[in-house]
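By letter and in written order, the chains are A, B, C and D; residue numbering begins at 1 in each of them.
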Amino acid sequence: MTLRPLSDVAADIRLAPEDVLPWGRDRAKVSLDALGRSQRQGRLVLVSAINPTPAGEGKTTMSVALAMGLRQRGRRAVAALREPSLGPVFGVKGGGTGGGQASLEPATDINLHFTGDIHAVTSAHNLLAALVDNAVYYGTPAVLDSTRVRWRRALDMNDRFLRHVLVGLGGKAHGVPRETSFDITAASEVMAILALAENLQDLEARLGRILVGHAPDGAPVRAADLHAAPALVALLKDALMPNLVQTREGGPAFVHAGPFGNIAHGCNSVLATRMALAYGEEVITEAGFGFDLGAEKFLDIKCRASGLWPRGVVLVVTLRALKHHGGASAQQLAAPDPEALQRGFQHLEQHLDSIAAFGLPAVVCVNRFPQDTQAELDTLRDFTRQRGVETAECEGFSRGGEGSLELADRVLEMLDRTDAAPPSLASSMS
Amino acid sequence: MTLRPLSDVAADIRLAPEDVLPWGRDRAKVSLDALGRSQRQGRLVLVSAINPTPAGEGKTTMSVALAMGLRQRGRRAVAALREPSLGPVFGVKGGGTGGGQASLEPATDINLHFTGDIHAVTSAHNLLAALVDNAVYYGTPAVLDSTRVRWRRALDMNDRFLRHVLVGLGGKAHGVPRETSFDITAASEVMAILALAENLQDLEARLGRILVGHAPDGAPVRAADLHAAPALVALLKDALMPNLVQTREGGPAFVHAGPFGNIAHGCNSVLATRMALAYGEEVITEAGFGFDLGAEKFLDIKCRASGLWPRGVVLVVTLRALKHHGGASAQQLAAPDPEALQRGFQHLEQHLDSIAAFGLPAVVCVNRFPQDTQAELDTLRDFTRQRGVETAECEGFSRGGEGSLELADRVLEMLDRTDAAPPSLASSMS
Amino acid sequence: MTLRPLSDVAADIRLAPEDVLPWGRDRAKVSLDALGRSQRQGRLVLVSAINPTPAGEGKTTMSVALAMGLRQRGRRAVAALREPSLGPVFGVKGGGTGGGQASLEPATDINLHFTGDIHAVTSAHNLLAALVDNAVYYGTPAVLDSTRVRWRRALDMNDRFLRHVLVGLGGKAHGVPRETSFDITAASEVMAILALAENLQDLEARLGRILVGHAPDGAPVRAADLHAAPALVALLKDALMPNLVQTREGGPAFVHAGPFGNIAHGCNSVLATRMALAYGEEVITEAGFGFDLGAEKFLDIKCRASGLWPRGVVLVVTLRALKHHGGASAQQLAAPDPEALQRGFQHLEQHLDSIAAFGLPAVVCVNRFPQDTQAELDTLRDFTRQRGVETAECEGFSRGGEGSLELADRVLEMLDRTDAAPPSLASSMS
Amino acid sequence: MTLRPLSDVAADIRLAPEDVLPWGRDRAKVSLDALGRSQRQGRLVLVSAINPTPAGEGKTTMSVALAMGLRQRGRRAVAALREPSLGPVFGVKGGGTGGGQASLEPATDINLHFTGDIHAVTSAHNLLAALVDNAVYYGTPAVLDSTRVRWRRALDMNDRFLRHVLVGLGGKAHGVPRETSFDITAASEVMAILALAENLQDLEARLGRILVGHAPDGAPVRAADLHAAPALVALLKDALMPNLVQTREGGPAFVHAGPFGNIAHGCNSVLATRMALAYGEEVITEAGFGFDLGAEKFLDIKCRASGLWPRGVVLVVTLRALKHHGGASAQQLAAPDPEALQRGFQHLEQHLDSIAAFGLPAVVCVNRFPQDTQAELDTLRDFTRQRGVETAECEGFSRGGEGSLELADRVLEMLDRTDAAPPSLASSMS
């Protein structure tokens, strides 16, 4: 497919040309200088979901669809999403660029090397590992107990043989034998730090605090004790800049940083979200797994660390998943089953209660499948409306932005209702 | 320092703008389509050296200096050099972008991630390793004897603890215990293949022929038997495009592929050399170690594989190194020592004989140091002139192109003398 | 100290001289032929204890003391005990030959190599391990999945570094890398088998049934599949013969086989018990840990396998341990504490109930310490008498057989009361 | 077969009954006290051989045969030989108790556990290993560099999987990962020490000097630094006593200690040789491999350490081996081949020269095979006679002592000729 020139996409949201650094075809990084050049502040929308099922809920697809729908309504909407890991691409999981007509481009490049951010994290992670083992070996600049090293190695590869390894074999010239492991890069603490860092100084400070092991007397040894942080920052300098790509319909999307949700906070970078808010009217971001784990992490880790706060939540559901939570078997999810759906509403209700507990308004988004019946959809609408929450259908997967207009409208209404300042972090914590 | 816009540098050698893909600041890749758009064919000059000493001869620095000097003489000269490995940057060796006033820019970026080529090689290498171990584990798509796996893993890091490792520990779910090693990426066979491939099809064919191990009956198992080649090509698609940067004086340089000379052929890529020849009048390329090992590999491997052939050789020497080869101790190299110099000439003479044995004309280039005396330089000039070879001094390190004019002139004279077609590969082999 | 000639000790119980094979000084093995030469059948007394505490109850010491006391009353009493493991001798635990005046001799030799039984078990265990790895390596005479080998190696040494090891490193000539472990020999299944075997044929059959691992299709692979049993029997031929030593007072004791109670049944060998019953009037044997674990294992494993059954139980207690079970701290155990003692009686009562549940009569034996007060001892006597069980004090540790006469008398009374045939195994199981 | 009572065998050479400790059936150890009870000093005969071939020369068989022949001539001859290792018994090599009618009994027991000497060496070796690793782990009583530990482990088992192992895996509680190896026990330095020790004090001193590794500063760490020697001596106390068995014809033989000749001196123990000399008129001992390696080690290590010196040498040859050394193929060794035999004499001559260089008289012993022809034997006799050396045929393998009378007679003649005192060690060294 033919994409719009990325410079045009950037111009749409008024990014200065000198801040946009092309990075191969249809990819760019945006200079951190751009943050200082905008005084605007868009409205942040968090897309989360009910708990994931084997059937899939399409959170990323709905995020892209919402951005598309808002753009069709004339808004400068910007998606701010995580970048996918190469490991799972060649392993089990699908790519992380949305699906169908609601996807990001250039999908293949984003799913492979993209702009090299993950490679930079791998390099930084393993440079620290080499410095750690040098310290084990030479006892400088810090003394480490070789049996209590905590820092492992990283590789952006799904490779079972690397989960438990022994390094340093082959005699004194090759180190000291140690049991360790290779984590997939998305599970690296460096990736989590990259996603939280506010600037190069903050990045260096956070890297320096990494706990790499213990001294023989049990005292903690940190990356800063190995004088490691400046070299790591040198390797991560480019990676800290948010990446700009576009939706299939030519709308802007920042795709940046990808810490795994099962071991870290699982959200895109603070800097990409800030950049999107500085240049977009609405910013669509996503938090992993269900609202219970992923969105609470988003609110409790990323938002507390950064001071950001969403204006509202889009909770993605599918009828299939609700029926699954209601006890229907995997083979029967496409068929109507009012009882299972009704039982699944209990699951949905719990998530709506959690959203309300944070003082946030919500829209339920049904990622519509062809087999969904109107009767079932109406039941869902009634259920949520009784709880004061609107439900919007979204056909973004099959129809792109045009199929996402209802969702866009409901979200705009929600945002307009929230005209007061967003609840302060403090009040949400009380 | 402020660099010229890379688009201007590309325009100087008449590259079409659509063939130049910016890759971050001051770096670009050049589309392989550009090869078909030029019918020209520049003159290839090989820069080699006498055997390396701890004192250093400055082969890369002299290559850049020669390109600078030729450009000051009004020639569209292009350097075509190897890209440096990140591993040694944080390890022992210096960077690979020349030195002083005769260097490439942006040096830091070239020495770190550059355009991600080495990361792509690492990814491809380790994806093949994961496929190999999957075959060890599942016995499909090929059966491998776990004790006779030859394919190791790669990481772009100087890390002694990874030279001899055990993978697959921790019980059946984590694989089968195997002793193996992590090679530095520049020593990967994938890197050697990238440097020799003519196009994507050739790349895939070469990757498929990699020997990864043996079946229980001893039969060879190759990457193609694991259906690995298409996935590796997908990872190497961008990496196959030559990278364009510039000298400190704004002249063009292709820096692409970096296989280690101690285990592979040690030259930049065939495609970068072809691209430079298609757009430059003179192309300066380099071959590692001394002429005996590095240049013979260049001629016997890269040239035979590609059909390329140089028009002449620049043999880099320093007075210090000649004195070292003549028996002077490391502490005395800066002081005049006519006897040691004279004895070192035997070493030089052997290399000149080797060059002549290939039917190639030569210029000796003295990488001049401040302490070098005129008397010593004159002795050297006399010695080489008696053997029919001109000697040129080069002060590129301290003075850039302006200090390299004598070298440029001698090289141009040599090339002009060689007006006949270069000796065919066949004749040089007879 | 000067010991009686072992031939005299053997003659006391009417062993034929040709059945007694001297094995170094003061040690002998008794030929299995001796079993067929006696039609007599002694009375089996099981010595067990309440649950062990850090203070120690002295089960082995009381067993030796009881044998000494019975001998002073003119009985041909024989102790039948486990042989200690060399590993713990040089590690943490004390030896296993009793204590004070109630010990076995030659204590040092028994605690070190004794008659080589444990070395024979080590050899047999590791020969099987070598055969297993040969099968892993060559695939004959059975095919084994290298990741599912269950047979480990054994060494009679407390060596933490051998608990988790990797063998087969160093390339194809040195095997296939495998994670495994060295168990202490007393924890070897071969030791457990030696202790249960009835004769050489039974030994071979039991060894052949050892599960050593699994074939690639999951089918079990046993020692017999490796044709291993005959070679193992050859190594265990001498070890199968019971060992004869003496108490410090010159009474006979069979000390044979020592499987650990925490992973096996923890009793001396069936053959030694049979030999003692064939030549002794009373046979004192012991079962590890408390009655709950150790004696139930004795009854449920050793007795069921062999058809043996005890005529009564001696349950060893100390006032210190009862107070400990009653909540007194380790520092206060020597001081009188009637409340703690009273609470500790609940613990004792549970064990008495367990003994009764097996239909066995019991005598409580107080291993008397100097600090024990008469008042506390009287309370204990009253407590057990109310439950129909006599309590006997024993000062065997400090006074040998002479200090054990009360215990001997109570045991003889108990045995005489049990004049009916012992409850059959079948009835105890119903 | 029925053997003589070992007490009768001992009585033949006038050993006091209290010095002979029976050790199971037909085996005994002899107390070191016996050394002080005899003032006699027998004549030591060294049996060596030409270089070993696949055909086998039968050095041990000829040693036993010579002892038998001498006994038939009425001499109190005693064999003093090495004890075989269990490892090779279940591996490749044959047992070490001679062959045919010229063998030791009880052969099976000698080849299996014998009197436990090798097990004691294994235990002592591994106890030291455990103490070494405790020092690595705790840093007391000496500090060891974990990468420079030299002391390995030992097992009396031919087990390829144990040649290169990793110990200490599984986390801090299980030690520190270290690469090491299991040597076969016969290759243990403890075995070599046992064979050289003169008494318990000397044994302790030699054990204390074992180099186990290095401190972080490179200083040697010895067993004595770990306070290890007393515990090792406790384990080796019984093993230090020579073992007494008999030939098939009821003559005495000391079989004691078995260090491998390829890594140690390869001879039986000094104490067994001393004991044999104290009680025998002639003592037949053996030194491994050919005279060049094995006998020179005997003379240069065992004799220098002990002050012992042989009165003469028996050099074992076979016609087959001589033809093999003369170039005949393995298939043709049984057939007459005068040329090959003649060429093989050069090999024999070299060994005779070596014997003469030590100032020792020699008899050549032909271990006769059924296919050997009289003509070939006569050629050999002529060859050696020209060099002043008698040749004796020996049919001990098929006929025992009666087939060894010629050998016995030639040896007695040689010894009688050497009536002067044996050359002092000093003179042989000048």
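The rule we apply is simple: a contact is a pair of C-beta atoms (placed from the backbone, for glycine too) under 8 Å apart; a residue touches a chain by one contact, two chains touch by 3 or more.
This structure is a prediction, so every number in the text was calculated from the model and none was measured.
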Through how few touching steps can chain A be joined to chain C?
-> 2
Identity of the chain that, by mean CA position, is farthest from chain D | A
Expressed in whole Å, how far the mean CA point of chain A lies from that of chain B is 40
If you average the Cα atoms of chain A and of chain D to get two centres, how far apart are those centres in Å?
-> 74
Cα-centroid distance, chain B relative to chain C, in whole angstrom | 74
Whole-angstrom distance, CA centroid of chain B to CA centroid of chain D, is 62
Two or more partner chains touched - positions in chain B | 166, 169-170, 176, 178-179
What pattern do the touching chains form: line, ring, star, complete or other?
-> ring
For each chain, which other chains does it touch, given as pairs?
-> A-B, A-D, B-C, C-D
Provide the residue numbers of chain B that touch chain A in the complex, in ascending order.
-> 21-25, 29, 86, 90, 108-109, 112-113, 115-116, 119-120, 122-123, 126-127, 129-130, 133, 137, 155-170, 173-176, 178-179, 231, 234-235, 238
Okay, in this complex, where on chain B does chain C touch?
-> 146-148, 166, 169-172, 176-179
